[in-house]
Structures are given as structure tokens and as C-alpha cells.
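Heads up, the next two complexes both have chain A, just with different partners, chain B and then chain C.
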Partner chain A sequence: MDNWIKLPGCQHITGSKCDFFPLINFYEEIKFRVRAEEENSTSSWYYVDPFIPFQKARLGPPEVRLEAEDKAVIIYLFRPGKRDGTSIWDMDALSFEFSLVFWENSSHGEEQEIKTNFYISKMYDLSTETTYCLKAKARLSWKVSAYSPVYCINTTAEHKLLPPENVTFGARNQSYVLTWEYRDVNVTFRAQWLHAFSKLTPWDNSNEWKQIPNCENVRTTYCVFPQSVFQKKEYYFRVQASDGNDTSFWSKEKAVQTEMYSTILPPVVSMKSTNDSLHVFVKAPKKQFDTFTYEIILWENASHTERKLVSKRSDIIIPGLKPLTPYCIKARVLLQDKWNKTSVFSAVVCEKTKPGAAASIPWVIPVIVILLLAVIAFCVMKLLWKCFNYVFFPVFKPPCSIEHFSEQPFGNLLLSTSEEQTEKCFIIENTQSVIIVEEPEETDEDYRKYSSQSSQDSGNYSNEDESLGNQISEALLQLKPQALSCPGELVLGLSSLGLHSS
Partner chain B sequence: KENARLLISMSYPFPLRCLKDIKGFGLPQNILSYSWPVERNIKEAFYEISMQAFSIFSRHSPISIWKEEFLAQIKSGLSEQKEHLKRCLEEEKKQSKNMQVIQQSKLALRRYFQRIENYLKDKKYSYCAWKIVAVEIKRCFSYFLKFTELLRENQVSF
Partner chain C sequence: MASRCILQIALLLSFTTSLSLSYDLLQLQQQQRSSNSACLKLLRQVKGKPEHCQQDRMDFKFPEEIKQPRPFQKEMAALVIQEMLQNIFVIIRKEFSTTVWNKTIVDDLLDKLHQQMDRLKSTILQERPEDTNMTTLRLKSYYWRISRYLTARENSICAWTVVQAELISKFPIINSLTDYFQD
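The block that comes next holds the complex of A and B.
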């Protein structure tokens, strides 16, 4: 069932303790069993409660190495455990926290307590030729080690060349500028940089400091280098002085988050004017950022009152402006990061608005005139059509016998005469008209319906032969429901012949 | 998310000749499903992943597959992420009682990353081995990002 393995280094032990080289998985549960052996007899196994080595392991103290300068001490820390890749703490190398206690080894030496995550620290502003001591303990989440033994060191005599001071970082146009202070002249400087994350790695990072371009052997107390050299991350900078023979110690390290200083290019603005508004186009220089907005300032060329607009979009329409007025705009990018950085303003662009709504009135009037003319023409056409029908469809008195049919259609009669004209419609009616005769009820409905509609259309209809006219129109109206395939005008014409309702 | 994007961008191109070296590392899935409080455990999981990924890229430099600047960018990103999560977790630890038990999720992730490191060592940090590890770590980020997004959709107060 279980494959018990002999633990190397813990065989044939005479004491009650053994150390073994951990060829085990630290994060898996492990079982141990022990028994006593004597000659040929063995005891039964004692089973240890299973446990996870990483959980049970206790933290040893860190190792310390000190290096002295004239007014500073460099502290090199090493995490507990072997550093050959077999330690249980290998995977936690970046999580260690160290508590240091640092004091001057004299009667009035105050203890300084420092907490740090860095494997290399430095204590500055110390006295020359003095003994300083340090002890350290390591912490990994809740596990805390005991203090290391005390380590002491003497600072050296004062060094001839002092290190540069007050290192500052800034941006100018598309470059970064590193400046420092130095009293003497006739020295050259060089500046170096380091990735911030290097400070957290326990591997020797002193050779990871790199030279900044344009910052070697400079005689000025500043150096300028392009922003493209660095990404938007955290870096450390340090400067050193040299007079040819001798070099100073390194200055205090300056931590810089370059994103805070990087310059944002301004956007490019263009405009188009419509009658009473301006269509603004803003183009960001490069897609560098996640969340940003544009700030647009608008003002009339003559006055100084400015209007501020904020927009996320790159094309904006500004309405409600005065026509035929020159307006000017400028824009800048507003970043919504933690530093609320902005770019400089773009170049100013001016544009005159087009003639406004007042000028647009003139073209409304002709439209209205045209509409009126169309209505008049329409009425004239209607009248002509009535006359036309009157001429070509002569009114005739029906035989007296037919008059008795009060609302009977004269579809037959009409059909015979109008067949000459619009065959399409009336051919259909030909068949239908028979039905109409047979079903008077339907026709009644239609008649009533359409009479109310067409009563308005009477217009200049002559009152001659009114009664017959009524009857004819009745017939015509009855045709309307079936005459759906007719051209619209014909239908309209038919209904317009309609009634002045009685 | 930016780190995942970076890793994704550098997993391609994947040379076909490396396909023979592909190995399943057994990404621990569902380790967060049953643990409570879920929000804190996700943060711890991401902290662990960021830290271990950084550690792998830092201790054994994959310069055979990535240019130095790009590797620095990845390491910076991972380091920032890890530090940010560390601060978040420290604040939470102050509020809640300090539990002296190591979460199962953390142990599972450790074992997973151990498998990755052992693989690299066995393959002697070859080009193909690094390529495969890069893809695997990208997968790991993607998986947990997706998991987080799903949780966010299901829980209103996330």
C-alpha cells in the first residue's frame, strides 16, 4: 500500500535526533515512522502524525554582511536557509521581511529599528571612524525567526571626494533631466540606474546597475536623456563624482516612478463649421493611455470669455453658437491616472461659423410658395377632371322605371359607356356589379361610408342634374371598394365627383 | 491584465518543433471554489502566481526566448502586481484574525510551480522548455482572470 522510503541520514541513529537532507516535497503531506532496532529484533513502528513540512518548518535567523564607507554602512542580508536551490524557503525568497536593529557602539548609542524588504540596505549620515552594530531577524507571514548574532563594523576615515547630493529627477519636453549638487569643480560625474524590482531579489544585484546614456563623464551637475530610454516603471538612480584618479562613494539613491514625469504629447485639433455649430475633431498623438479625456477651450476671437468642454470622444459638435463669428479652440489631454497629468495645449485653431438660421429663412419662403402653387394646381386639376368627366360621360336621364330603385346602382349603364376608357378597372366591375345588385346591403354601407368622405370634395361641382348626379356618383362610389387596382388619381377623381351630402 | 497581455504577446510565435516537449503541468483548478473568504483567497492566489512567475523569470533568465528589455518589462509588471497585492493583503490581515494555517490553494499553487521548475531543470533550461513554460504561465493567468470575472458577475458585492 504505502511505499515507505528509508530516510538517508537517519538510519542506525544512536541518539534521539537526526538531521536529514530534505529530498522531499515541502508542500505535500508527509508521514514518518520510527522504530527501535536491536540486533535482530525490532520494535513496532511509531507513526508520526502526518504534516506538511512547509507548515511546520520554523524560520532560522538571516545572515548579515556589512560593508563600510566613510559616512555610510551597506547592509547585505541573506535569507535563512541554504542558497543552493534546495531550501524550503526558495519559493518565498521575495516575501521575506527583515527587522533590523542598528546602533552606534558607544555609550550614547540609540537603537534604530528598521523594517525593510530589500536585501541590500544602506545607513546614511553616519560619523566617520565609528563602530556601528547590527542584528536582524526575518519574518515570513506569521513565522518569525530569532535575532541573528550581532555584527559590527567601523566606518572609514573621511573620503576626499564627497558624493553628490540632492539628486532630483524631472522632465523637460521629451527628455528626462537628472540633477544633483556638488561643491567642487573640476570633477566629472556619472549616473547609473536600476530596476526597482532588483532591490527585492536576494541575488546579488550590484552588477545590475546600468549606465545612463549621456550621463558618463559629464562636467555639469545635470544630465539629459530621452524619455524613450525608460519605461513607465519604478527605477533607482545614483550619481558618483570622479576627478580622474579617485572616485567618490555613490550618492543617496533616488527612487523615481517615471510614469509620474513622462510627458504627454498634446493632441491635434481641426474644425469644420456648419451653420450655427462647430464640428471639432481631436486626435490624440499616440494610443498610450487607457482612460483619458479631452479638455477643449472655446472662445470667440474677439472676446476673452472662454468656455470649457470635457469630452471622451474625439469628434464633438458644439451647438448654439453665433453665426458668422470666428471662434477659436485649443485642446489638451487629461489623464485619469493617480497624478492627474495633462498635456500642454494644442495649437490654436480658428474657424468662422457659417451664416446662421436667419439666412436660412429665405429658402423656406420659396418652399412655401411652391407648396401653395401645388395645392392650387391640384384644385385646378380636380376641377378639370370634373369637367372632363362631365363632357365625356354625359349625364342622361335614366328611364323612369329605374328611378324607383332608390339606391340601386346604375353600374350596368355606366359600364357600357365607360368601357371605352379605363378597361382595367371596369372589367373587374363587370363581374362585380352583378353581385352588387344582388346584395344591396353591402352597397348601402359603402355608400354611406364614402359619402361622408367625399362630401368635402364637392368644390365647384355644378348643381345641374343634381339628383342624377347623385345617383351616378352613388354608382361610382360603389365601385370604389373593388377598384383597388386603379391608379390613385382615378379613385380620387371618382370620389371627388361625390356629393354635397344631402 | 496587462501582464497577461504581455505574456500572451510573447508566447507567439510558438515554434512547431517545440511541440514534442509539451507537458501537462496540472494547473490546479477549482482550488478557489470551496474556500472562504473567496475574495481574499483570489488575492492570495494572484499574489502567489505573480510572485512565483517573477521568481522563475528572475532566477533563471529566459533570455534565450525574450529580449532583455521585454524580460525587464515583464518582471517589472509582475513585481508591481505582487507589491500591490501584498499591500492589499496586509490591510486585510490587520482586520481579520491572523490564521496560522496555510491555505490549501497556496499549497496547490506551490506544487504546480514546483512542477514547472522541475521541468525546466530537467530540460536544462532549453529554448523549447522556456517557450512551453511561458505558454503555461500565460494559461495560468488567463484561467484565474476568467475565474475572477465569473465571480464578479455572480456576486454583486465583490
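The block that comes next holds the complex of A and C.
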């Protein structure tokens, strides 16, 4: 069930029309219903098709206010609708377009038609003490209003103090210069500026003109101010003359897009050479604007034929150059479109291209490198695989000299062997003392210690030279009968003693 | 092996050519994004005290269809961005009070918004579309609610703090809309 609200100003209407100004959301669908009432009885409701007010609303004509100077007329425009913040057009203030028709009243023939987005316009170069008339219509996307009523005004008599003329704007080093022309000498000037966007919105911008620093009460027909003060995109400037008592009307407004005038600093260029191409790096010193295009001039140091390249990228590769040739480069910034502004050229940078190579050679070197790397990788992998196997899956290969014991597990050799091989074994017994390292009263355990220690040395024994032979025979004399068993063990004990004594 | 190699090369080539063709749009995208972050920086400089303003919070009902990602034509994306920027401009211009804002910051912000709108008008939106569609209508409705809220609360610091947070929260949406410039 909808919540129907009574429409104020539309209750108990006689007649068939009512005007209302409710503060509703104009962008949302609204429903209306009407019924007739008579004393105690009412008719049924008539439901109006729902609609969106903003879409259905029609544009009224704009309001106009004229202000006259001696040779100019200022036109103040007001968008249709109320200006108390309740208008349906409030949120569209920026989107209005106005069409003005302006003519001199007496000679009705010459009509000027002007299209503008600005809420304040000015018509210049008019005759003094003449009547001028204007009518205007407004446009908002596809909605167009009817023409407003005609408004007329008389220009004033010629003002004694003329306004400055030919206001020009320029840049010099890091400053901007505003210049104008004036005939008389005994006057002071002041210059003002305005944000361009101020003209697009309907709020009163007459007090938004600001004084330019260093530009008030100047006697010169120019003034200089730093570029840093005006860093936004678009401004308007105007100048006024004063002789102490009287002030002139404002000069024609000079529209300035600062991008057009501000000095673009040259870029910084660096180069790297490869065998038949150059890799160029262009760096703009400061990001002043959003879009950069670079113009690069390339020439061989010897000849002077220049080659021109244009690029938007800041690093460029120039291929197809002669090897072992010095090339020179300079670059400048091109500001894209509109004014074709450029910076000065950067410093010249020269670089020699690398020695060239035959077409076939270049691919050989990387192939060789790859092969080498592959071989190295293979060897490394093999080595790793070997280590891996050795660590985790060791091969229990007994040394050559104890191959006879292949049946027995390795561990048994560490203990005193009770089982003895059936190979040729003999017992050596001798009572003579021999030069040995250890004490004669060696215990069995000590002997076993030797044998266990020497178990790894067994391999070494076979490599030892004959000089050990005497020592071995001497050591044999010391051996205890019980310990002896087989040639293998004998050898073990010998090797340990032999090593110690040497 | 060879076919895989060829496929990779083909992909790389098509990627680079498509890159070079849309370079201007890429630049526009970058400009929009850097402009957005500049605007955000300025918007944050309201002289407000957010702690006191909890009770002033309000749901302004931003249109859902813009919040949710869905494929936009590049012209449509530009239109939506333009509408958003215009309305932000109008609200700030209309309702700003010097007690809440520093005038220099406001001028900076308005100038940046103006520049961004100009850029869109001279590139993607050169051809003026004749119709207001439902999305832009809902956007206007949303910003109208914000404007009414400020007027009703007489542009108080608390009201502006709430609106500031609301406006800031929608800038990421503008950024993601610039993605559609690439089509």
C-alpha cells in the first residue's frame, strides 16, 4: 500500500490546473492521482501514468541581466529555474549551453549569434551611446528552451580613461610576462586573474577576480610574475588603468592556457650500444604535463645526414645501424597537438656501435654456451646422484683383502672371531721381544682395538712399500697365539702395528 | 615443442600490437588515475572533526549497478565518470563554506575536476550523447540527496565530514571505471 501524500497548493482546486513546487527527488519515479470532491462525496481516483520529473520537465528560458560600459556590454546569464537551491536544474549547472542573439537596435539587420557555456559574457568593440539588444535560449543535453524576452541596453558616453589594449601573455625563463599597450604615460595599472572554471558556474564570480602579485599600481605596461603562481590549466587576465582619481573599464580579457606558454625544459638523453642498434633513453627533467612526445635526431658523427624519429615512449631501440660507427643523438620534447610547442634540444650524446657480427655467427655463440651449460649441469647431476646413493644407499663392499670373509657379516670382524676360516692358517709363536710401540703386556682388548682401527687401513697395507717388511716380521713375533687365526686377520694386525711404528 | 613456441610468440606479438594501438587510451587512463589521486588528496583536507559526527551518518544509496563490476562500453564508462565528476564539482562549488574548507584547496580541487572533465569531453565524449539513461539518472538522484543533506544541515562541519567520507569512498569506483577505456 503506497503512502499517498497530499500535494500542497493543489487541494480544493476549482478549475483544472494547479502549480506546485514540492521538494521531491526529481530523478525518481513519481505517481499522481486526482479525484473530484463534492461536499461529502468523492469520485474515484484517476491515476496519472508514473513518470520521472527530470525527464518530463521542459526547460524554461534563461534570465538575462545586462550591464553597459562605453564600448562594451556585459551579459549576465542565469539558468532557468529558481535560484534558492530547490530547482530541478540545480545539479546540472555545469551542463548548460546558451545561445545568444545580439544586435544593434537601430540597424536590426546585423545579428550576432554566440554559443557559450559561460554564465558571464562580454560584447566588445561597440559604439558609444547606442542601444543594443539581446535574447537568449538555454540548452541542456537534448532539452532546448524557447528564447527569452528581448533585453536592451544603452552604452554609455565615452569614458575619459581608456582601458589598456592588446593584452598579451608570454613566458620568459621561469616567469610569465603580461604586457599591454597604453597611450598615456601618467597612469598606473593593475592586473587581475580568474580561474577559467569560474565562468562555467552560475554563482557570482565578480568578486572572484584576484590581484596578481607585483601587478598593482605599476607604471610599466608590463608585469612579471613567477610561473609557480599559475600552475593550473586555464586562466583569464585583465588590466585596468588608473590616474589617481579615475579608473578605466577593464581591458579585454585574455584567456590563457598555461600549457601553451610555460617553458618546457629539454629532456636528458642517454644511450647504450649493441652491435647494430642503439638503445636510447630519454628522460624529461620534470613531469610538467601529462603527455609527452619526443623528437630524436640521429646522425653519424662523420656525415651530417640526420634521421628524425618521433616516439611517445621514453626508451627506444634504433635498429639497422652500421657497426663500429659513432652515432650522435639529440632529443627534444614535443607537446602533442594544439600548439606544437617544443622544448629546446637536449645536449648531444654520442656513442659508438659495437663491432658487428656476420649473420650466422650470432646464433652460434649462445648455442655453444647452452651446450656447455647443459654438459656442466649433467655432470653436476651425476655427482649429486652419486652422493645421494652413497649417503642413503651405501654399497657394503668389503676391502679386497677380506674378500675371503664374504660369507661373514662385517660386524663380526670387530669381535674376536671364534669361527675361523678354513683357509690356510698357521700359528706363529715367538718369545723374542721386538720394537713395538705399545707395552708388551697388551691385553686382548687392546689387540682387538688395533684390529678394529686397522680395518680401514687394510687397503693401505697393500700399497705400502717393502721397507715395512722388517717391521712386519718383528711385529709378527709379538703376536699372541690365541689371537691368530687366518691370513686376513693377521694382515690386519700387522698393518696397524706397522703404521704405528713408522 | 615447436608449436608451443610458435603459440607463445604469436601471443606475445598480439599483446604488443594491441598495446601500441591503444596507447592514447592508456595515457587517458593514466591521466584520469593520477587526477583521481590528486582529487582524493585534496578532498581529505576538510577541517572537520570526524569523531563527533557519528550520529550524522546517512546512507545516500549509491546506484548498485555501478558498484558491481559488469562490462561497460568505454563511452558508457566515460559518461558515468563525467556525471560523477560534474556532480562532485557542483556540490563543492555550491555548498562549500569557508569554515569547513580552505578556499585554495577548494579551487585546486575544482580546477582538477574541471581539467579531468575537459579531457573526457575532448577524447571519448566528443560525440555528445543525446539521451540521459537510467544509470546517469540514478547518479543524479544520489548526488541530489547529498546536496539536500548538506543544505538541510546548513553545511555544518559534521555534515561535510559525512559527505567527504561519502565522496572519497566513490573514487575507487571511478578508478575501476577507467579500466573500461581499453574496451
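Basically, the second predicted complex is superposed on the first by the 259 of 502 C-alpha atoms of A that agree within 3 Å, B and C clash if a C-alpha of one lies under 4 Å from a C-alpha of the other, contacts with A are read in each partner's own complex, and residues count from 1 in each chain.
As a convention for this text, contacts are C-beta pairs under 8 Å (C-beta built on N, C-alpha and C of every residue); 3 or more make two chains touch, one makes a residue touch a chain.
Here the structure is a predicted model, which means the values were calculated and not measured.
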Query: Which term applies to chain B and chain C once both are placed on chain A by superposition, clash or fit?
result: clash
- request: Return first, second, both or neither, reflecting whether A:162 touches chain B, chain C, both chains, or no partner chain.
  value: neither
- request: Please work out whether A:233 is in contact with chain B alone, chain C alone, both, or neither, and reply first, second, both or neither.
  value: both
- request: Applying the touch criterion given at the start, work out whether A:324 contacts chain B, chain C, both or neither, answering first, second, both or neither.
  value: neither
- request: Considering only the touch criterion stated at the top, classify A:201 as touching first (chain B), second (chain C), both, or neither.
  value: both
Query: Which partner does A:349 reach: the first (chain B), the second (chain C), both, or neither?
result: neither
Message: Looking at A:27 after the superposition, I want to know if it touches chain B, chain C, both of them or none. Which is it: first, second, both, neither?
response: both
- request: Look at the residues of chain A and decide whether chain B or chain C touches more of them.
  value: C
Message: Just checking: does A:312 make contact with chain B only, chain C only, both, or neither of them? Give me first, second, both or neither.
response: second
Message: Looking at A:94, would you say it contacts chain B, chain C, both, or neither? Reply first, second, both or neither.
response: both
- prompt: Of the residues on chain A, which ones does chain B touch that chain C also touches?
  reply: 25-28, 52, 54-55, 91, 93-95, 142, 195-197, 200-201, 203, 233
- prompt: Given the complex with chain B, which residues does chain A contribute to the contact?
  reply: 25-28, 52, 54-55, 91, 93-95, 142, 195-197, 200-201, 203, 231, 233-234
Field: In the complex with chain A, residue positions of chain C that touch it
entry: 23, 27, 30-31, 34, 86-87, 89-90, 93-94, 107-108, 110-111, 114-115, 117-118, 128-132, 137-138, 140-141, 143-145, 147-148, 151
Query: In the complex of these two chains, what residues of chain A are touching chain C?
result: 23, 25-28, 52, 54-55, 85, 90-95, 141-142, 195-197, 200-201, 203, 232-233, 290-291, 312
Message: Give the list of chain B residues in touch with chain A in this complex.
response: 51-52, 54-55, 58-59, 69, 72-73, 75-76, 78-80, 82, 86, 98, 100-102, 107, 110-111, 113-114
